Each structure stands twice: as C-alpha cells, then as structure tokens.
Amino acid sequence: LEEKLIFEQGEPGRTGVDLPDPAPVKSRLGGLARAEDSAIGLPGLSEPQVVRHFTRLSQKNFGIDSGFFPLGSCTMKHNPRLNEKVARLPGIADLHPMQPESTVQGALELIDQCAHWLMVLTGMPAVAMSPASGAQGELCGMMAIRAALDARGENRRRVLVPESAHGTNPATAAACGFTVDSIPATEDGRVDLAAFEAKLGDDVAGIMLTNPNTCGLFERDVRKIADLVHAAGGYFYCDGANFNAIVGRVRPADLGIDAMHINLHKTFSTPHGGGGPGSGPVVFSEALAPFAPIPYVVKTEDGFHMVETADEKDGNKPFGRLKGFHGQMGMFVRALSYMKSHGADGLRQASGDAVLNANYLLARLKTKLSVAFPGYCMHEALFDDDFLKGTGVSTLDLAKAIIDEGFHPMTMYFPLVVHGALLIEPTETETKESIDQFCDAVLSLVAKAEAGDSEFFKNAPYLTPRRRLDETAAARKPILRWSPSNA
Amino acid sequence: LEEKLIFEQGEPGRTGVDLPDPAPVKSRLGGLARAEDSAIGLPGLSEPQVVRHFTRLSQKNFGIDSGFFPLGSCTMKHNPRLNEKVARLPGIADLHPMQPESTVQGALELIDQCAHWLMVLTGMPAVAMSPASGAQGELCGMMAIRAALDARGENRRRVLVPESAHGTNPATAAACGFTVDSIPATEDGRVDLAAFEAKLGDDVAGIMLTNPNTCGLFERDVRKIADLVHAAGGYFYCDGANFNAIVGRVRPADLGIDAMHINLHKTFSTPHGGGGPGSGPVVFSEALAPFAPIPYVVKTEDGFHMVETADEKDGNKPFGRLKGFHGQMGMFVRALSYMKSHGADGLRQASGDAVLNANYLLARLKTKLSVAFPGYCMHEALFDDDFLKGTGVSTLDLAKAIIDEGFHPMTMYFPLVVHGALLIEPTETETKESIDQFCDAVLSLVAKAEAGDSEFFKNAPYLTPRRRLDETAAARKPILRWSPSNA
Amino acid sequence: MRYLPLTQADRASMLETIGAGSVDDLYCDVPEGALLKEPVDLPHHQGEMQVERDMAKLAAKNMGTASAPSFLGAGAYRHHIPATVDYIIQRGEFLTAYTPYQPEIAQGTLQYLFEFQTQVASITDMDVANASMWDGATSCAEAVLMACRATRRKKAVLSGGLHPHYREVTETYCQYSDTQVAGRDGHPEHQATADELDDLIDDQTACVVVQYPDVFGRLSDHTKLAEACHAKGALLIVVFTEAVAFGAIKSPGSFGADIVCGEGQSIGNALGYGGPYVGLFATTSKLVRQMPGRLCGETVDQDGKRGFVLTLSTREQHIRREKATSNICTNSGLCSLAFTVHMSLLGEDGYRKLAAINHERAVTTADALDGVAGVEVVNDSFFNEFTVKLAKPAAEVVEALVARGILAGVPLSRLYPNRDDLGQYMLVAATETNTDEDIAALAAALKEVLA
Amino acid sequence: MRYLPLTQADRASMLETIGAGSVDDLYCDVPEGALLKEPVDLPHHQGEMQVERDMAKLAAKNMGTASAPSFLGAGAYRHHIPATVDYIIQRGEFLTAYTPYQPEIAQGTLQYLFEFQTQVASITDMDVANASMWDGATSCAEAVLMACRATRRKKAVLSGGLHPHYREVTETYCQYSDTQVAGRDGHPEHQATADELDDLIDDQTACVVVQYPDVFGRLSDHTKLAEACHAKGALLIVVFTEAVAFGAIKSPGSFGADIVCGEGQSIGNALGYGGPYVGLFATTSKLVRQMPGRLCGETVDQDGKRGFVLTLSTREQHIRREKATSNICTNSGLCSLAFTVHMSLLGEDGYRKLAAINHERAVTTADALDGVAGVEVVNDSFFNEFTVKLAKPAAEVVEALVARGILAGVPLSRLYPNRDDLGQYMLVAATETNTDEDIAALAAALKEVLA
C-alpha cells in the first residue's frame, strides 16, 4: 500500500491537537510577529490520520523486532522494553537540565553509577559522559590527546590509523588538526606491526585502533602496539565500537589503552532508533583524565555536583565543552538498566554468547563462502566475495536477495580492506535456530548463484515495499524536500 | 513469513524472566505440591524471542491504525493514545478493587463522573456501571425488567424482538427466562408498528429494540412504540449499540426508553482489542432504577462510597451482582477521557460527522450498489446483494476482494433481514478522502464483477498472510490447542 | 477537534453530494422535539494536556498499591508485569483490531488465541480451553449454566469456600433460569473436608463447584469429590482466583475436574481497580460443544498452509440466537493477549519459579505475623494467601494501617457484610512484589495497632 | 538471563560445530593475562522488577518539572507532548531499526526523514534541511565549520546573545582547526543593536552567528546584519533554541540567513535532563553540498515508484574519510521522528496557536512578575522567555523557591559562572504547560523571598 507524504494528506483548517485560545494580551514580539497571512506550509492532519500514517510507515521498516538483523559492526542486539519504561519515569523524563543541583541528586547519582559501571568494566580511572555518539566520543578522545600534547608543549600532529578503520576515525583526527597516516594490514587482518613500528616517530601524536577490529578480529599485538606508541611519546586511542565482544572478559586498561569511547547503543543495547540518538562516553587513562571535557559529576560529602566550568584548582584542564547541557541522559538510564539487568555475570555471558554465535555462523558459512581471514573471529564474521567469482552475482546482489528471505542483510563493502566484504554480526540475543535459518538461506542462495541464475539476483529484492532504488538519480539532482511543485 | 507457534519455538531451560531464588522455607501446600517432574508443557523462550514473535503476529493483523475499517455495527473509530496513557497512571492502574474506600476516593469520583456524563447524555436518572460488555449490559437491563415485573408480582414472560436484532438480544432474553417473539420489519427497514401492536398483550414483559437499528436506520415510531409498550404494562429495553449515531443530539430518555446499555468501546472509543474487553453500562428510567445491580457508587457528605451489598433501606432492590468486583474500571477511565476530550460540543459534532460520512458513502455507492432501504441512513449504510445478481460473485467474494485493496471489509450477512447484506460504517474519524478511496475501490470491483470476472473474486484475497481458510474443516474436527502430537 | 478530520469545506461538499441541506436534515426520522438543537449541559471539548491533568488529579487522590506495602488479594493479585507485555498489547495492530471475523487479515489475533487456549489448557491440565471470558466470577456462573445444559439438570451445589462474588454472580445468573443453587456457608476455621458436600449431591445435581485454593486460601485435594460427583452423574467444577498457583500445586485436571475456570488477571494484567480482567475457562473434549464463548481452531487455507479461525460458532448467539450456549459476544481479547505474552515470557521454568516465590513470600509473611500478639494465622495450608484472626475487628485494623501507609489485607467483613461471625478475620496475600521490608512493616504496624 | 536465548545444550553443540573446546578458546588472541577468568567486581544480574525498583528509587530523589510549577528554559523547554508521539516512537519497527542502509526495507525511516527535512525547512523558511544533528549546540559548531569550508575563511564572529553552551561548543570545535572565534560578551541590559557586530566583520570573516530569540529572550531583526555579512562575503548563521517560536515570529529565512540551526527538543521531545535532543540544520540550495550530516532524498525504484534514499553521501566520513564535511555518523533519528510526529499533529494551525499561547503565557508571567517588588523585567521584546533582574542574587532566590516547591528559572550565574555582573539576573520561561496557578505561585513566592 502506498502512503502519501503528510504534505499530500493535509487540509487547511484541520489539526491533530486541541489548544485553548490564548488570552488577549498585548504582543511583546518587538514588531517581529509573523504575518497572519504568511503561510508556513505545514499540512493539517487529524490525530487519527497521523497515527495511521506513521503506523503504515513503520510497516515499511525492518528492525530487530522484525527479524534477524546481522548488520556487522552495528551490533543489532535486543532492545529491552524495560529500558524504555525506566527512561520515561517521572523524575527522569521531566527533569530540566538547568535545575538546581539540590533537585536532581538522583539524576546525578544515576550518571555517577553509570560512569562507575563503565570504569569498572574497562578498568579505566575516568570517564567523560557527555559525548553524543561514538563519533563525538572519538572527537572527545582525540581532543584530550591533543590537549595533553599541547600541555606537554609538543607539536605532534601525525595520527596512525589502520586502513580498515571506520571512516569516523580519520574524519575525527582531521577535525582535531591531525594528519592521518594509514597503517597497512597483515595477511591475517591485523595491524602490520613492522609497518606500524616503522611509522613511529616524534611527530606521532598517537594511534587510533579499533579492537576488536573492523574485521571482527582481536588485535593480538595490542599490548605491543600500546608499548610502542607510548615509548614513542604518543597516545593510544581505542575505537570501542566492538567492545561488546569483550565486555566483562577483557578490560581495555589491561591492554594499555589511553582513551576509548563506548557506543552505548552497541554494547549496552540503547535503541538504534533508525539512526540515533547514540551516546559515546569515553574512558580515560590517568594520563588523559585531567583533560576530559566539562561537564562532569563529582561526589562530595554534601552530595553530587555537576562541574560545568573549567576550574583548574582540582588539577583538571578540560579541553572544553562538547555538547549543550550534559550528555545523553536518556541513554545513560537505558544503559544502566541494561547493565544492572545483566550484572557482571550476565555481561560476561553476553559477550561470550556473541562470540560463540559469530563463530558458529562462521563455521557454518565457511563451507561455501570465502573467509576473509583465518582463525576464530570475535563478535562478527567477515567474508570476501571470492566465492561469488564467476557467478555474475555481486555482494550487493546477494544481500538484496537475502532481504526476500526475511532477513536484514549483513554489512556490505566494509571494511574496505576486503574485496566485496560481507560482515555478519549475529549478536548474543539470537537463537541458534535463527542463525541456522539464516545460514540455510544464504547457503541455498549461494547454490543458486553458482547454478548461474544471476538475473534473479540482479533484480532482487522482489517482495519489499520498494524494489532497488536509483541512488545515482537521487544524488545527481537532489530532491531533499517536498514542495507543491514537485508533488 | 511464517511464524511458528511459541510451543514450536521453546527450549527447556530457557526463560524470558529473571527471578531470584526463593528463600528456603517449609512448604505449607498441604501435601498438594506439584511434582517436580510433572511437566506443565509450557515452552521456554527468551525475551527477544517473545518480542519478535508477537511483533510478527501483530503484523498479520489489520486494525483501525492500519487503515479504513468500516465494519458495520462495530463502530471502528479512532482509539486515542491519550486514553491508554491515563489508564496507566499510577493511582489508577495499581489500585486493588478491595482497598479501603478512604484510599480510593479519586477512583470512586472517576466512576461517578463517568456515570454523570452517561446520565446527562442519555437524560436518564440512573446508571449501572458494572456490566462487562454490551451483552452483559443487555442481561443487566433485562434482569432489571424481570425484577421489576417480579416486584409487581406479574408473570409476564414474552419479549418482543425485531427480526433484525443482534443475536445477543434473543440470547439475553432467554437467559432471563423470557420467551422471544419476533416482530417483522416494514418495507423501509423499521419495526412494523401494526404487527407490533398486534403482538402486545398482558404477557408481554417488554420490547428489546435497537435504535438506531441494525439496518442503520432511526426507528421513527420509537415514541409510539414506547407509549404502546408502556400502556400494555411492559418495559422498553433499548439496545444502545448504535448510540454513537445520536449521542449529543438525541437523548434516549426523550424517546421513552426504560433501559439501555452503552458499549463504551463503540460510542466512546475504548479499544476493541481483538475482541474485548468491552464495557456495557446500563442507564435506567425511574421505573427500573431501584432494581439496578450492586455495586454502585454513592456520594455522601463524607465522600464517595461503593455500595456492595443489597441494602433495601435506601429503597433499592438490586437484582443481584453481575460481575466480580465493580466493573471495567479501565474502560471507564478511557471513556471519561474520551468524553472530556470531546465535550458536549465535540460529541455532538462526532455523531453528526459519523452520520454525514455514512450518508456520503451511501450517496456515492448507491450509484452502483442496491440500497436495502430508502432514505437517509444514520451512522451506517446497508446494501443488499441485488446488484451482484447474475455476476456469480457473492457478498463474501466481494468482501474478500476488498481486502486486497487495502481495506477491512464491511460487515457481511448481517442484519439477517436483508439478503446478502453489506453493512458499512465509516465512523466520524475517517476523512472524506479515505471514504472516497474506499468507494472508488468498491465501485471498480463492482464493475469488474459485472464484467464477468467471477473467478477472480472466488479466489480472493491474494495478498494476505493467509488465503481463504477452511472453516468447515475446522469445525468438523476441531483442533483447539497445540499438542506435541499435532505439531 | 483533534479526532475529527472533516473540515467545514468537506462537510459542505459532502452535504451537496448527499443532497441534504444540513446535518440536521439527516436526522429527519427523530420524533418532533427530541432532536436537540444545542449541546447538552456538560463541559465543552478540552485539549489533551487539560484532560490528562484532570485525570491525573483524580489518580492522585488514591493510594495505589505501587506506593505502599500491599497485601491485598481476595481474587485480585498484584504481580510484576514485564514491560514487554504492555508494549505488545499497545501495538495498534492488536489494540485497534476487532474480533477476527476476517481470518485472512487477523491471523495475529487468531494465533495468539490458539496459544492462549493451549496455555490455559496446560496449566489447568484440561483438554481444551476457550478464548477467554469476562472474568473469574462470570466464568463460574457460565460454568454452572454449562453444567446444567450438559447434564440437563437444574441444581448446582456451591462450596462454602467459593469467593462470595462468584457465588453472588452465579446466583444472579441462575435466578431467572429455574436453576436451584445450594451449598453451605464457609468459615475459615471450619476446615473443608473432602466429603463436606457429599450429602448435597443427588441425582438432580448438575454440578458441584469448589474453589482451589479456596477463598480463605486453603488447599484441598478434590479427587474424591470428583468421584462422588461422577458417581451421581454430576460434573465437578473447579474454580480458581490465582492463576499463578498452578505452578506450585497439583492441577485441577489431575483431580478429575470436568470444568476448570477462574480468573487470569494475575498473569499479565494490572489490578486496575477490578477490571477489565480475563476469565479462563477449560473443559474436557467431551464437553467442548457445550462450552460458552469464542473458540479458535486450527485449519488450512486455500494454499494448504496452516491457519487459524474462530470455530464451533454454531454454539454462539450470533448464529443460534435464543438457543445459544450463552449470550456472551466480546471476550477479553486484549487481556488474554497480556496473559499469553506474560506466560510466554515465563515459560515452564519461570512460571514454576514465580509460583515458588509466591509461596515462599506468603510463608515468610505468615511466619512474621504469627509472631505478632493478637494475630493468629488460621490456615494449615495455603499458596500465596491465608486468613488471620485478629484481636480487634479487621476493618478497623485495616483503616488504622492505612493511616500508617500500609494496605494490609482484605477484611472478611468486606466480602461477607452480613456475617457477624467473620468480623475479626482478614485475608492476607503476598506475592513476588512484597519485599522483606514490606513484611516487616506490616508486622510492626499490626503490633502497634493491636497492642 | 532473560535476554540470552542460548541454552547450555545449544552452547555445547555450537562449540562442537566450531571445533572449539570452550568459549575461552575463542578468545585465544587476547594477550596473556588479560583474559579475565571471573566476572568483574560489580553486582550480578537482577530481575526486571528489582532493576525497575532501583531506577525508580533514583528517580524519586529528584524533583521533576511535572510535579512543580516550573519556569526553566535557557535552551530546553517543557512542552506538552501528545501521547501519540510516544506511542509512535516506541513502535519496534522504528525503535529497533538502524540507519536506513537498505532503503528497500527502510522506507518508513526514510519517508519520515524526508518529511522532517521539509518541516524544518518550512519553519525556518530555508531551502533545505538535513536529517538532524545531535543538538542545537553541536549544530551551531558544525554550522561555523561549514561556513569556513564554504567561504574558505577561518574567522567566526559570535554574537553576545548566543547561548554560552553553544559558544563554548563552537570554541571547542574550532580550537584545533585554526579557526579564530571572535565576538563580544552579552548582557541582558545592553540591547543588541542591528549593527553591534558590524565592525568585527571583515574580509576574513567566514560567518556571523546570532541567536534569535537571543539567550536573554530578546528579538531583533537581522535583515541588515545579513546584508552586512553578504557585503563582506560572509555568511549569516541564525541559531535558535526554541523551535516553537517560529510559529509566532518572522522566520530567519526572511532575514536572508545562509544557515539556520538550533535545537528541536521543544517539538515532541521530553526534557530528559538534557538529552538526547535533536539538532535542526537548514541552509540554502547553494550550500547544500557543504552541509554536514545525513540527507534523505527522493528518487524512484526499479518499477518507477517514488521512494527515498540517503543521498549526497560523498560529503560524509564513511566515503570521504579525513576529507569529510564532518565526522558525524549517527544523527538523532528517533528524536527527529518525535519531532515529525508532533509537528504533523500540530499542523499549520496548531503550530501557530501553540506559539501564540506560549507568547501569551510569557507576557502574563512577565506582567505578574513586574508587579513584584524586587523583580524587574528587563526585556523590551521576547517570545516565551525573558530576563528579570532580582534584588537578591538569583541563585539564592532559586534555591529559596525550591524550598517552596517551585522551579523558578535559570540564574544567569549558572550559564555564566565567571560573570560577576550577571549574578542578579534570572531567565524565566513560560509555555503552554504553565497554568495561571503556577504563575501566581511564582509571583507570590518571589514576593516572599525578596521581601
């Protein structure tokens, strides 16, 4: 069923809210009142129309609740409704960020508790809670490194980033005034230690390393890397996007890391929400802790306080403020609820099950698919498109055919270091049965591809609300909003 | 996508709840403890599985939120989320029915307010709030009539019921020990006044009349009927299923009615919920008020009280108790929220719009479809299957084809007085545009039927989660539960 | 008005199509003078914020069980409801659907009803269950009427351990259908014996109704009673008010019950001041065609795929009219969904463990109260609810505890207003929601009040 | 654990398929000694009821704006959110979806983003808007960086009327990218003039940033400023913190702004103690390829049907890496959905009326406070927020009002901890949620405290 845009459904004079008439008062808009007759262009819909419209739109979406969603590097695990419920508690949802501290002691305690869990789980002594997302967490970590270097009076500007890194890593480094120097990977999908060592020098600010990395592998030389970068006078930034593979089992502090962001929506189940909001707290080593941004919560004898201004008396030299107010409180609530629900034992079980599920999937699929790198994987399994060679079917084609089988496809063409990559992350909240169903479906599609039916794949998917969309046309002549003329 | 039964998805040892181990205490189950090894047979699922299972099941359902749902006589109007929200307020959702009155004054006031709105809207002096549904409301009304007759010492046992009545009417009359005597309808779909008058006699307990009736028509002789039945010593029970057509515009009290139930889920938007729960308060005239069932709320100087025992000191002679505790409180909350939202003006507008929408639909469809009765309709439009004559397409076939157009079909084959009835109720919460879309679709299907494509109709629907289901097989050898043997 | 989409322009154009001059013209059949020209005397429409505020004010005048230690039971029990349950039942596809009359687009509702029926049959240990009734009390009344139909007899024997509301509703339903209701008054200190009702069972008896656990919380084995019934051609109806119990105690089916019915509120449904709740109703395969209410059955579609439909509707009022097995039409659809979702989350292990915790909490509460002077626990056996005898009138004690912020229990005088001999008894229920602090607070407050 | 479906039997059979002896074996690449053998030192798993209870206890230690008259603003505003909004954003198909990388099964997300972009463009009166940023402050910083890219200049001029958090975030973002940030301190009693910033604009200036209404609540026409900017080749960035305002005041687009950005929380999003919120970001067609963040565009599918996709992604980090327009990856998807749903409910009429009510409430509040000795309303103009000067230090007054159950306003000392000259000023915001009783209570309490 087609669902028109709201702009095509509206009627003037119709509304989905009932508001009382304002009392007549003398306007104090300073002569800037919007003219009565200047239409803003918003459509008028009744409440029933709005409910139906968005219900129908939702039915054109696939979420974790809809089925298996093995989108590699995105960690599409179950989003508990308990977390949604507690985030809406009065006393949480209705708090204003600028209330007096005396009226928000519970909120500050909650942030403090969430921070405590993150510090214990990472073994790190400090955490900055305010970053709005993983990308801003990276910014936070790299700015702390920059601030620490500045404090040392050193002009190091080169940051080493593996080729396989997520695009945010180089983008973030650039935003902090660093230049990016790529480190190649070895045959087995890890950092080339020799190449890395060769690149070290006194202009190196540090390394940005994802661990487990974007190939789904644990960087087995991570400690050596840490030692080397430290010895060279640089810092070790770890992209914690894949912390979910090791939470409760490996503490980043034990690996020599100086800063790491944690995607609460990946590791701690806050909802992905169609692309946000995220939350990216950053844990810091002793070396970087003093440079963490404002604001932060401290506990004193008379309660909790939110430090909102750079006060160097406590020895801290915050590099600044990253966000209005003090971070994604709603995500802290959900993440804390998730952490308390699992506990230390459950988090450990969760990471173990995530890795077990991924390796099981790897074991089943490698019978037909070409594995990118040998050995066990961590939380996700990476394949290249060697197995499709000669079939006329591309990674994209296969992925689209998977949609018709009732699954969300894997991540495609990432990481870039692998040709035609397929990155598959089942997560720990999937059953063996659902992984088996997925593997069965993929294996039978591969058989179909091998049988030479590439036409079928080129035109997939067939059963979706839309068939393949013309992305080129969209970019060539962008239509980015509705207007009466393009209706 | 197929969705297995939960029983086919479970694994022993898996659960979707985490419960602490109970402290070790000495069992006091009197020797009736369930044996450890006697399996109950419940499947074990994780929370993510449960969420996904019921999400997927929901996607196989059509509700008001999904689209136009013109199911005649069922009044599928918009269900506001505000009502769901207020029903869940602490202080409402967490009240126990047997709390001391001092702790539930707000709840009693709420019931009293809801009762007040219903009494003012109907013009009636009393209301019994406890009936669990429309059918139980009928029972309540008819029991009050029986009690009143008993109090008068009269042995009247015959109840007059129009042929077009909903099946609950005769079933209810029978449950109260009455016999049912059918009244025929006139050519124009109303009670045949002459036939009715002829049936009156001193054994007549009363009449059960739906008004507006199940043909969607206002019984224009309703006052005469009331006068006649009263003159004959009987009572006038009105089935208020269609009160939504006249609420705020006509008061049943002004028509001479003695008792009428109100379906809160029809007229006042409490959700239909896949078939309940309903709520069917009954308003009473002075004559029947004393016989209303316990419990009921009274207001005195020291607050509100719930009268839960028959105390004839106040002149009341309750016929008994209809339900555990005191009625569908959750539905009172929603209905009151709905009534307050509309107000006296909005309720009047709502009934007017419902009738307007139905007549508009009637006007558009009667160009092709055969109207059952002439003139304006009330809130729903009734057609017979004359227009399908010779096409080989039945009412059922047409309805199934309508499903593929994205609409819920109308009510079929009811009322029984019309051949192959199609009863279409758009309700006031639909736009003109959605009615137009529906009419366009129906008219084009009729054209298709006339063009002789009956095979297409016989096999419809095509696009649904299931095609036509074999109801005969289901009834012949009923399978009413899952068991390992029929898996 | 936010729910009404028609604009004045729509209305004008629609009236034109209809050929009517005004909406009032459409009401031309309303008798002279009965058509109101103005809105009735009630407040006018209000915005969502104002309505919510008004309702919240009413809510704030109550003392809810979530904000006080609460030991109330007597047929309605406070349990923890997982957030998942409320999420699922609020999904529009379930909330705003109607009775699955069009099975092709109602497989969601139909499949969960089939799962619900299976769950109910499983916990009661019966062959089949229906798709729900209104509540426990009406289920009980319908069970008695069903037994009369099935046996073609007109006498029902009700145990003194039956909840008074269930008894009253049954009496109300039977009073105009020539069905005689017999039985004995119950008392918490006169332990029901296996044969207390034997002498009331005769060859006119359609059924015997017992509650298990009974209204005072006691547990009895009704195997012998079932045999006594069957010997006389009568049916045994086992009624329950606490659906969690069957995770810990022997099933009614194992006694040989013919009909098992009761209240399903405890699983998935909020207290909500008494409703809506969900009546559970199970019976044997033999009696299925006498069962009231909707039934969902398995079948296949045109393509041979498994699907579900409402079935055996020839029992029902919309087909059989005055000859129907019951006048029931709507059931408790959404409440049965809540039951099904919660039960699915629990599963075998969770359901049993929940029951074990409930029993443990009740035993712990009983032990704590036994140590209070002026309180005597009268039950020998119980699941999660028991009766205490107090040194003062129970209703007064309950009020005194309200002043201390505690919702103590249900005084028997509330259930039996005309039984002076029960004034000092109180029902105390404990569930997984009662903490050790709750129990200690109850004991301490009782000690104070009874000193 | 309720979220983890694997049974011990599953695990064993999967390890066998893998050919590993234990889960620990799969972690063989972890350096010696770093693999923990036991759980870390944190509490173990807890059931839903216990977690909910713990969280509720923390919540109960706060005094929420729903339970007290509240006049807090300064960049976050309490508005009524229709129940429909929260229902829609909780639907699993929206809540648990990810970035619409597979447009064939993400048209729901994509279509609402397209609607969102259109709504934002409409209320700001700009050509195009993106699919949201993290919040108003980061939008402001990104706007400045965008202006620098677009003009290839490295100097930003910030108005003294800009919210201090927005200024600080912008400074933080600029500090390591060689961008100079200039500007003047603001003061609520030094009325911004149209030309206050003119002398700071030179041919190195990338942009001028003004807030409208400004942080003190004042309204200025920035048409001349836009002209001054454009004359020097600089861009005008108009920032806002209250998205409701544009229903009542002239649009930033009508001034000739090049970028309009700010906070969208007011529409559909709860206060939530500061986040997550939703940054709105609009610009001209000319500058669209310099815009940061995701963009949704219209296209057609293989069958020629209209559909939506993420587009112009060559601006973004996952393609351009260190050359991207921003490092932003996730946006505020679900918050933008809340915005879209609420805005759809409002529509043209509702949005304008909501703004009118907000202004009326603020005027009524200002009038009430003007009558209190020791309170002086300093604004000439305002929308729904204004600054008052108090006879005592504002922070102390606010604390004194907390003791009286009132959340009065935001003392400027909270926003400007280092500005001794602002200690007696307080920001007061009023919205449709403030009743006459709230306003009277505030005035009465202020009278008491300032007496």
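For clarity, chains are labelled A, B, C and D in written order, and residue numbers in each chain start from 1.
As a convention for this text, a residue touches a chain if its C-beta (ideal position, glycine included) is under 8 Å from a C-beta of that chain, and two chains touch if they have at least 3 such contacts.
Not measured: the values here are computed from a predicted model.
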Which chain pair shares more contacting C-beta pairs: A-D, or A-C?
A-D
Report the chain pair from B-D, B-C or A-C that duplicates the A-D interface, where duplication means over half of the contact pairs agree by residue number.
B-C
From the mean C-alpha coordinate of subunit B to that of subunit C, what's the distance rounded to whole Å?
19
At what distance in angstrom does the C-alpha mean of subunit D lie from that of subunit B?
46
Taking each residue of subunit C in turn, which ones touch at least two of the other chains?
1-5, 10, 45-48, 52, 82-84, 86-87, 90-92, 345, 432
Sites on subunit A at which at least two other chains make contact:
11-20, 45-49, 51, 55, 59, 64-66, 78, 80-82, 84-85, 341, 429-431
The subunit C residues in contact with subunit A across the complex are 1-5, 7-10, 45-48, 50, 82-84, 86-87, 92
What part of subunit C is in contact with subunit D in the complex they form?
2, 47-49, 52, 80, 82-83, 87, 90-92, 345, 432-433
Give every residue of subunit B touching subunit D within the complex, in rising order.
11-20, 45-49, 51, 55, 80-82, 84-85
In the complex, subunit B touches subunit A at residues 1, 9, 18, 46-49, 51-52, 55-56, 59, 64-67, 78, 80-81, 341, 406, 429-431, 433
